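Structures are listed in the sections that come next.
Here come two complexes built around chain A, the first alongside chain B, the second alongside chain C.
Right after this comes the complex of A and B.
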């Protein structure tokens, strides 16, 4: 099994499954911090999916999208944490 | 609400984000990227700085009033459009310099237009973010 096949048939479905589980936590999450962490995990998973797809399809331009997503999802989590700290 | 972990992380993340935004800006005219995305990343860097060190510190680091940046960016963009008009070509025609610079590659009015967009986007985003953060 070649690397692109491995990525498209095994790695991406596993990441999709993880994203579904994180989404369940996002919907059910008993407290607000649980939901924030689930949202951060979804951002990280999206980053991993973009990176894997860039490798599978040999498109290095897509990696820039992953970098921007990494920087901005970090910023989003920081802003949520600040909001939580102010509220409590 | 000063956090030592966040301020240490921002100290190395802030120059990295600014560098990446300039990289996106310079590559924009012949690859993925451009002035708009670069401006957004730069504005995100300043927003992170404002969260870590407070809004007054972010204003001091920005140096100029963010509204000055908007008008400066619009002026640069219109100027890049007017450049070919003086040599008898239509408005906004792309004029490229003959020699290519070692790092930048091809240099011309489209790059100047992108710089204008970059400045305008940074100005607009900083005006919005800093005003909201001061509330």
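Right after this comes the complex of A and C.
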């Protein structure tokens, strides 16, 4: 099994399934922080998937997208945390 | 060779990231779920990015990949700490089987500051005085009595600042407040008198309490 096959047939389907599990938590909650960490996890998983896709398609430029996603996911979580703490 | 190493790293990363999804779904409360998203997912994504660095083998790509790993390793704990702190203030409940909540009663809910930080300052301003926290044990002689019956000030010359019960803080409690096992008392007074109080609290209900 070549490396692109391993990624496209094993790794990405597994991560998609994991993303669905995180999405279940995002919908079910029960509290707002639960949803925030589910979003955070979806961002992290997205980073991993993009990095894997960069290998599978032999496109190192895709790594930049992963970097931007990491930045945005961090800023989003910080913003949510500030908002939660201000609200009390 | 490079392909083999990156394949192994990819497998490790994928397994850990999948486990994080399982963790966020199955863990019993927010704080344990957070450990799944921060630790496990960070390890997984770090491993995958390492695989990218190994697979392409170019300096530019490897630098970007490793910089991303460093960024994720730095930001994930910060974000998790902020979310955990905010949820504690919002009052997200802990798992009912949690053994110890070390923050309980220590946070000032108005200023969002840790209260224990204030004690040394208070002691500095009042030389010879000490602030102590005492928990009422299960079989304590004072459990079930009101503050007026215990006569803390008259018997031990200490002042009661507040009673912590669960997540509530009763500040400046009056004489009608009844103490229960598990309550935490914040007292100020000379150190040796605080010792006496702590002994009196530990004494069980069957023994004779010393008359003032």
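Heads up, the rule we're going with is that the second predicted complex is superposed on the first by the 88 of 88 C-alpha atoms of A that agree within 3 Å, B and C clash if a C-alpha of one lies under 4 Å from a C-alpha of the other, contacts with A are read in each partner's own complex, and residues count from 1 in each chain.
Simple rule for what comes next: contacts are C-beta pairs under 8 Å (C-beta built on N, C-alpha and C of every residue); 3 or more make two chains touch, one makes a residue touch a chain.
Treat the numbers as computed from the prediction; the structure is a model and nothing was measured.
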| item | value |
| --- | --- |
| Residue contacts on chain A - larger count, chain B or chain C | C |
| Chain B versus chain C as contact partner of A:68, first or second or both or neither | first |
| Which of chain B and chain C A:78 touches, first, second, both or neither | both |
| Those residues of chain A which chain B touches in one complex and chain C touches in the other | 64, 67, 71, 74, 78, 82, 85 |
| Complex contacts: residues of chain C adjacent to chain A | 3, 6-7, 10-11, 13-14, 17-18, 20-22, 24-25, 30, 33-34, 36-37, 41-42, 44-45, 48-49, 51-52, 55-56, 58, 60-61, 64-65, 67-68, 71-72, 75-76, 78-80, 82-83, 85-87, 89-90, 92, 109, 112 |
| Residue numbers on chain B that touch chain A, as the complex places them | 1, 6, 13, 17, 20, 24, 31-33, 37, 41, 44, 47-48, 51 |
| Contact footprint of chain B on chain A as seen in their complex | 61, 64, 67-68, 71-72, 74-75, 78-79, 82, 85-86 |
| Contact set on chain A toward chain C in their complex | 3, 6-7, 10-11, 14-15, 17-22, 24-25, 31-34, 36-38, 40-41, 44-45, 47-48, 51-52, 54-55, 60, 63-64, 66-67, 70-71, 74, 77-78, 80-82, 84-85, 87-88 |
